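Multiple structures are listed underneath, in structure tokens.
In the two complexes below, subunit A is the common chain; its partner is subunit B in one and subunit C in the other.
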Partner chain A sequence: MSNRYEMRFAGSGGQGVILASVIIAEAAVISGVKAVQSQAYGPEARGGVSKAETVISRDQIWYSKVTKPNFLLALTQASLDKYSTELAEGAIVMMDDSLKAPEYLDAARVISIPILETAKTKVGKAFTANIVAVGAINRALQLFEGKELMEGVKRHIPAGTEEINEKALNEGAALISDKQAAAFKQSIG
Partner chain B sequence: MSNRYEMRFAGSGGQGVILASVIIAEAAVISGVKAVQSQAYGPEARGGVSKAETVISRDQIWYSKVTKPNFLLALTQASLDKYSTELAEGAIVMMDDSLKAPEYLDAARVISIPILETAKTKVGKAFTANIVAVGAINRALQLFEGKELMEGVKRHIPAGTEEINEKALNEGAALISDKQAAAFKQSIG
Partner chain C sequence: MSKAVLMQGNEAVVEGAIAAGFRFFAGYPITPSTEIAEQSALRLPQVGGKFIQMEDEIASIAAVLGASAAGMKAMTATSGPGFSLMQENIGYGVMAEIPCVIVDVQRAGPSTGLATSPAQGDYMQAKWGTHGDHPVIAISPASVLECYTLIIRAFNLSEKYRTPVIFLMDEIVGHMREGVELPNPNDLIINPRKMSFHDGANKQCYYVPEGEFIPAMKPFGQGERYNITGLAHDESGFPVNSNEIADKLVTRLLEKVEKNVDKICRIEEYAMDDAETAIVCFGGTTRAVMSAVLKARAEGKKVGMFRPITVWPFPEAQLRERLPQLKKILMVEHNHGQMLQEVQRTVGGKLPVDFLGCVDGTVISPDAILNKLNEMEGKRHAK
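Now for the complex of A and B:
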């Protein structure tokens, strides 16, 4: 893997993909690597597709835009269809399992899991889907220590919601099997 | 005013200052000017202070960091104390009226309004404080058309929450008097 790891988080407006992207960037910095986080505004955000990006690197990051993501999270069909065409070679795609993966994607690099359903039923709050996704991402890619990730989460959630968000992280992690975690592990930097 | 308008949004983690910053940037782009939005990660975010920044400009923005804000929103005493020392000349400070303004601030440039209380009692949801603030900011500075701002909000809130967020925007705007709106009007770009 190259030193620079580009991640894109996509869904519909209001699903909290920006916060997911922010938390991953925060956890990266807490863990001792560099990160920048950004999102597009204006025309790109039309059609109800919301997109946020995090770049992680051990070195200084001079260019903050994501051009060839190494990782894509997609929570809606529109966002999956739109962004799955612009991936780096060997990129990993994590998608909600209610979506249909485009045929051109390498099935071996697709992680299809019930993110939205888990948030709604197991965590009990649909709005935690973004945090469920963050938990699953971290378990699959093995980016950060659990405490680093939780600290990243805590810096960006309302006081008093730590418990439900920790539950969301854990339920997200539980969606990933040991085999998947072994297969998709990344070493950033 | 210079062409470049720097805005800083500060509060405690989880008060949604990043989203406030994102929405202002989105509305700026919808209204036809340029904007970049960013936030600090890591050590700067320690101590429970969360900070986000938006730069608005008619011209290309080459430097996305905020160094001398023209506008500061502060929702907690810690964030007000920390960031009110780093302002551009003539900067406007909007603060929750539960806070104590440092004596070195020019009282004529301070807008002290009940943002948190309005969210809690008038809108009925404490978590809308960031949107109440956005409504107040836009009314005070007269940055964007109401429909541009609401479109910016809609792109970043969960589906089904349009009504309460529109109420939050309106209640926020209602905190600003005609006199204040006349006094603090900015012309961006």
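Now for the complex of A and C:
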């Protein structure tokens, strides 16, 4: 990893992409690296394009925003189309497999997995899609230890929902093959 | 595991305020300050404090002034539209010398503008929003940790000088989360309120001993009754229509801050020792400026950062000290040129002052700042 790893999380308002970026930042802080998280969204509580960003680094992070993301999560076609045009070289794109990947993306750097469907059917709650995504992200990029990630999740979910969120994390991780995990692993610092 | 926790700027404001003794919040939630109200609603009852959601921002600042007069450390939080509504009563707080902290998490205006987007367009309003000649202290944080440490300073200054203090944030810092290790509560310096309890010689509620500027505060609603008014008043607190007394009062109010400007004004500098170009910035803009300065330095350019932490009064003495070594100044702020006017006034035409701003609700990037520096360089060479 270069000394600044930029991650962008995009979807529709209400899908929890901001929380996903917060959990990744929390896990980073727990693991002892620096993280800054921010977001941009419209005035509506549901719908509209929602964008969240996390920057991770071993060094002090000054500028808090993402300019050329090294990683993009997209949960809607609109957010995929909008944000896949401004990526760093070699960036990894994780998208829900219900979406159509733009042709200009390098297929070898695209992880297309059933995030929304897994949340709905395997976990049993559609609203856990963001946590499924977090599980998949960490399995693919191998940023944090499992317990660091789970602690990050716990700090941001209502008490009593630990079990279903842990299940969502695990189901998300299971969407990533060993081959993908080997190909996309990032090393911090 | 690290001791740091991930915290949002708005949350850190509440935690720092509580550490400073803040126990009363009245407000009307507005993006991007809402988390301050939410967190106050959660945290204040846990520490024996009170949270009230009022019907609007006019009522909010009124309730805050009332609570403070009655003896509580009080705060409200808002954004541009609400800050506008509060202006009349901020002046009342100044005139009646009621300490309190008003947090303005700036968003893009004017009017309701872009509700969720950052800006720094309330800089001049923080100073001149309320009418009449009056002192203003305003502080602007650039990190989540500073939201915690500087809100404590805002309370301390407010209590020390018996005047409302503006905590001038922006959406960049208010909504940003970063890992912070909060200071040990035992290491904090908290100014208690200077109180007076009718001890014979000192009966008047606005009595100011010779050579001092600030009357000790009588607890309102306990013991002897007294009057609080926004009208010009004498030491008894009752209105008077005397030019002489009004002059003495307003001069004293202004001098509370003017005579203590060295103690109140704080700045942060980076790489200024040999800098020939200073980038001046405040609040959330500092983040992009720091990235730009580090990149410019890596290219061998003699660029430094000068950042007022106390944004009102503007730290003109500190900036003036740097002028002899500088060849030019670049002001970067998320507005159409507001602190720029203070910088130009301070520089007084001795140096070229360039400007980079924006009013579209986006965040100025380090690259935009570097491009501006290159453009200035080009201009200079062309001469």
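Side notes on the structure shown:
The rule we apply is simple: the second predicted complex is superposed on the first by the 181 of 189 C-alpha atoms of A that agree within 3 Å, B and C clash if a C-alpha of one lies under 4 Å from a C-alpha of the other, contacts with A are read in each partner's own complex, and residues count from 1 in each chain.
In this section, a contact is a pair of C-beta atoms (placed from the backbone, for glycine too) under 8 Å apart; a residue touches a chain by one contact, two chains touch by 3 or more.
Source: prediction; values computed, not measured.
In the superposed model, A:Glu26 makes contact with both subunit B and subunit C. Of the two partner chains placed by the overlay, subunit B and subunit C both lie in contact with A:Gln39. With both structures placed on the common chain, the touch criterion links A:Gly14 to subunit B but leaves subunit C unconnected.
Of the two partner chains, subunit C is the only one touched by A:Glu148; subunit B is not. When both complexes are overlaid on chain A, the residue A:Trp62 reaches subunit C alone and has no touch with subunit B. By the touch criterion stated above, A:Ala182 is placed in contact with neither subunit B nor subunit C.
Overlap of the subunit B and subunit C contact sets on subunit A: residues 22, 25-26, 28-30, 35-39, 41-42, 155.
Partner subunit C is touched in their complex by these residues of subunit A: 22, 25-26, 28-32, 34-43, 61-65, 67, 148, 151, 155. Residue ranges of subunit C in contact with subunit A, taken from their complex: 1-2, 4-6, 31, 115-117, 172, 175-179, 284, 287-288, 290-291, 294, 363, 365-367.
On the side of subunit B, the complex with subunit A involves touching residues 12-16, 18-19, 22, 25-26, 28-30, 35-39, 41-42, 45, 50, 127, 154-159, 161.
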